[in-house]
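One structure is given below, represented as structure tokens, and several questions about it will come after.
Chain lettering (A, B, C and D) follows the sequence in which the chains are written, and residue indices restart at 1 in each chain.
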Amino acid sequence: MSRKNLRFGVLGVGRIGKIHAENLVNRIPGAEVAALADVFADELARVAARLNVTATYQDYRQVLELPEVDAVAICTPSDTHKRVILDAAAAGKHIFCEKPIELSVAAIEEINQEVAKRGIQLMVGFNRRFDPNFLKVREMVQSGKVGTPQVLKITSRDPAPPPEHFIRASGGVFLDMTIHDFDMARYLMGSEVTEVYARAGVLVDPVFEKAGDWDTAIVTLAFASGAMGVIDNSRKAVYGYDQRVEVFGSGGMVTVRNNTPDSHIHLDQTGVHSALPLNFFMERYTESYLREMRAFVEAVQGTQPVPVTGQDALLAVVIGLAAAKSARENRPVKLAEIH
Amino acid sequence: MSRKNLRFGVLGVGRIGKIHAENLVNRIPGAEVAALADVFADELARVAARLNVTATYQDYRQVLELPEVDAVAICTPSDTHKRVILDAAAAGKHIFCEKPIELSVAAIEEINQEVAKRGIQLMVGFNRRFDPNFLKVREMVQSGKVGTPQVLKITSRDPAPPPEHFIRASGGVFLDMTIHDFDMARYLMGSEVTEVYARAGVLVDPVFEKAGDWDTAIVTLAFASGAMGVIDNSRKAVYGYDQRVEVFGSGGMVTVRNNTPDSHIHLDQTGVHSALPLNFFMERYTESYLREMRAFVEAVQGTQPVPVTGQDALLAVVIGLAAAKSARENRPVKLAEIH
Amino acid sequence: MSRKNLRFGVLGVGRIGKIHAENLVNRIPGAEVAALADVFADELARVAARLNVTATYQDYRQVLELPEVDAVAICTPSDTHKRVILDAAAAGKHIFCEKPIELSVAAIEEINQEVAKRGIQLMVGFNRRFDPNFLKVREMVQSGKVGTPQVLKITSRDPAPPPEHFIRASGGVFLDMTIHDFDMARYLMGSEVTEVYARAGVLVDPVFEKAGDWDTAIVTLAFASGAMGVIDNSRKAVYGYDQRVEVFGSGGMVTVRNNTPDSHIHLDQTGVHSALPLNFFMERYTESYLREMRAFVEAVQGTQPVPVTGQDALLAVVIGLAAAKSARENRPVKLAEIH
Amino acid sequence: MSRKNLRFGVLGVGRIGKIHAENLVNRIPGAEVAALADVFADELARVAARLNVTATYQDYRQVLELPEVDAVAICTPSDTHKRVILDAAAAGKHIFCEKPIELSVAAIEEINQEVAKRGIQLMVGFNRRFDPNFLKVREMVQSGKVGTPQVLKITSRDPAPPPEHFIRASGGVFLDMTIHDFDMARYLMGSEVTEVYARAGVLVDPVFEKAGDWDTAIVTLAFASGAMGVIDNSRKAVYGYDQRVEVFGSGGMVTVRNNTPDSHIHLDQTGVHSALPLNFFMERYTESYLREMRAFVEAVQGTQPVPVTGQDALLAVVIGLAAAKSARENRPVKLAEIH
């Protein structure tokens, strides 16, 4: 292989780590996987064999010591992100880290300062920005096809709630689920959120209430531009993964449909039938996972800043914290109250 | 014609009065138009000639004196509604009145008490309830096709703002425009609204600000059932009259598309193109105007209560007043604060 | 009523006669119904009462004698059309006649000559020309939106076969059912058909075979312009009345969707579901029946030729006869072989 | 890499060869590329470098001599297919060959006999069978979702004509373009074609006439089952690559939409706009190229017959020859006349 390839250590080969490792090995020109790390030896061996990677380690720090590793993809559990990022930054590796990098403002600021000091690149895995449909919406908004954006609408519904232990560790619906929509809101509207009002409830499963969380929410956003937005979330849509956005403005409107496994239309005596949305994020965002990692590789190799920064991670968390506070206190909350 | 026909006096033959008069003359079995009234003599004569109605009066009170008139359709300017309703009730006529019957709680309660005392029927013109698409949504919700309703979404955008004098007399966006959506929310969800949060702004035209009004709004609703809802409004959608609803629940989701003048799909080198939504309410709700008047006639003749009552008018206004208060004070407002 | 109204005698008040009579009474400015005729006295009385028409006759010839009748709408059984047309022409009445006016070339030519001689107007009920969707397709073709038309596709499927006695008297699928599509082909393409190849079979019900008829067919058309077309027919689509057209050309393509009773979209665990096409022609073509009669009234009153002439009737029948010959002999048949 | 991988020689690394080579290297478990061949040394070197393949040859016969090569993917020009297949068969290699394997019945039969004698597997590249949408249609037909299939409709339009030299060498529209549709017809309907009638013309570009070819065609098919079908083709759809199928039967209908690069819907003052179909086959059938090669690898490794055989190639060519004869002689042609 060529000398100029960006050589990755993939840290964590669980569900999402496998996706990134496979994309880096097979589908991203200019990248290769030099080492894999995971605490689970069996899974590590299986993935390594399949991808033909020989260097494997159970301790991620061993990967950070390898001089041939230029960058890491951090796919370890969320509560380890800060530690792994700081270690990787100290080792001078460029960093792609899955979202969320951290759940508190202080922790993210510490990360961002450390990264800035080391002069490395840090990209955060808000993969939806790279989805061809949402990308098209952004392009149309930016090129003026809807005029001045006035109203943003995002519907984001999961097909089924996560397991209870996940809910308890997730940071709550706004930091775990809606955080993607908050990032999307900033991305699509090209304006910062200044205030939120969140109405949240437990309509799907009492387990959320026991965990001090909510499963259903409607969040109103105010943007610095004067525009408004609304996000509606549910932890359970029986018909699948519902992911829609709409931007309305002075010149028109643009929206996208959900993705489906096929486009068949079937008519019989009972009605017209077609395929449900793709279920779940692994299928729905296959293409965006690939494109985001390509973007990371291109940014690092081109010595340009990466497209989703630690600052983006910070701002999404700030909105999430404001939304949670708003829902608890049933009043609009300005972001300035949080940070 | 048959003796049992319900004989109408149509009071006011402007835009909406003409629609009702024509429907009553030509398309509603069991109804006929016995008299027309309007202060503008020329227009009155034209409509009367076209519809072959011989009894015409410039003063609506003369119609109320006619013993052969069983019912009136009140299509006079909104600020006359209360007076005409009270006069018609005193004359013992059944009443169909265009929305809004009044803009204050006290006035509507006075009307409702008077109507109850006289033992007549009063129906309010929330015509959208009779639209075949929205009716289908309600039927599916009521028959359990979406399970327990959890989230309601309504998008309601006008093609263009009304003239300034209309804006100033309208009672504001929430009582003039969103009031239809508030009624639709109660109708579709089968549960009462208990609290609202409205974010409103002037993004379309400064004339709204001068009139102390807004042109763009997002309103979050809490229902007694625990469900939530959101309405987004704009006074100006350049692509036409955008009227969509969606009900999401534990068992699925139901939504409807906008109506278009035709279903053509045109593909050329630049893209795939199809027809814009029907523009404006006269075209969009043609069928619902017809069906609501049929429903009124059937209810009166069947001696059953009419399907949209003075109580419905009251509750929509209460929500509207709460929304306006919420927007002004930027906080959620419980309906109990209003009434 | 105004003196200038076109006064109609409606001859035959069966299914289609009722539609025309009701439209003429209630929904067509400039027209009125002066008399009704039908051999069935009871039905005649019912329709007359409902429409408030006092002059009724069991013998249509009595209507033709009325001096106040300007025009007739012939809705009697198909096998009486020729006789009624000739009588009406002799009486100097303008004629709207349901399709088919006759099934043989000779009979139609006799009718057309007689009509020409009398100086009256004859319009044939190819109502689909007046459907808003098909009209839009024609407008787009004529205004050059698809460039030079190259390929026409028509799908026309009935929801269920007619009764056996109807099949036996129908003239066969090409003269009874496809004849609408043949007329539509000429109308949409703006070019005459010169040759057809029809492949036909009995795939739905053996009753068609017993009657010497077919229930399924694919007909290839050659147009004088060099363009081609294909029509596919079935007597039974379990999902309803399937009526689609597509015109493809050097500059693009235009097509239309089927009409549905509502636009709801329902998602549940099993899929995405929506409404079947309107079923049957009475519902599907409600608007086109109204518009065709308006067009007849406007043409006669404007002293312009009517938009669907006896010549149009003749040409559709010639194509139908060629198609039947083609299917029987399994070879392409030039229209010049027929007429 | 694992010992059991199927090791490929990819013969020809032009447009389609690159796709297969890349899929085999990166995306097909159980396969690897052991050698590449192409007469153009520069392109060969570029592809080899990119895919990290070290063994490259300008003469494909050198690849056939490599003992480590188990199978070949033949992507050389169509007029070399027969010779390369026979050489590969003689060398005992399993063969995947791009369509068409040959254009004459005699040549294909010779190939099939040779392949059978050598006991190797031969798969033909009718990639559309592996498209997720068409696959879904087939599954629904086979599982009875449309009842007994009665009518097949295929629309297949290219975005632009091929260059003149390609047209002259292509074997004509029916063997070059419609051949895919003929294979699809057999595949979807599960019944053999017995007779065809083709109407063809030159409506797009006179170059087709000069080459003794056509650019526009409508082909009627009769199936052994009694069902019928129709294919319409054009060499030039300005709006892109139009690939639709529809199967209609006694129990319903199933169809699929064209694939688009994204699902955006844009509304502005001029209309509703969305994305054109993917253009061209490289983009449209990306997924099916991958899936067909996977199916080949799985079949060979599983020692099962491959899913698209030399017999399938033969039958598609027979239908194509019958269609060409039908178009020339303007009469229906039975397949028995050809073979």
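Just so it is clear, contacts are C-beta pairs under 8 Å (C-beta built on N, C-alpha and C of every residue); 3 or more make two chains touch, one makes a residue touch a chain.
The shown structure was predicted, so the numbers you read here are calculated from the model rather than taken from an experiment.
The chain with its Cα centre farthest from the Cα centre of chain B is D. Chain pairs A-C and A-D differ in how many C-beta pairs they share in contact, with the greater number at A-D. Averaged C-alpha coordinates put the centre of chain A at 39 Å from the centre of chain D. With centres set at the average Cα position, the gap from chain A to chain B is 43 Å. A straight line joining the Cα centres of chain A and chain C is 58 Å long. Of all residues in chain D, those touching 2 or more other chains are 237-239, 251-253, 267-269, 275, listed in ascending order.
Partner chain D is touched in their complex by these residues of chain A: 1, 25-27, 29, 50, 52, 132-133, 135-137, 140, 145-146, 251-259, 261-269, 275. Put simply, chain A touches chain B in their complex at residues 147-148, 150-151, 153, 155, 157, 197, 199, 201, 203-204, 216-218, 220, 222, 226-230, 232, 234, 236-239, 242, 248, 250-253, 330-332.
Of all residues in chain A, those touching chain C in their complex are 237-240, 267-269, 271-276.
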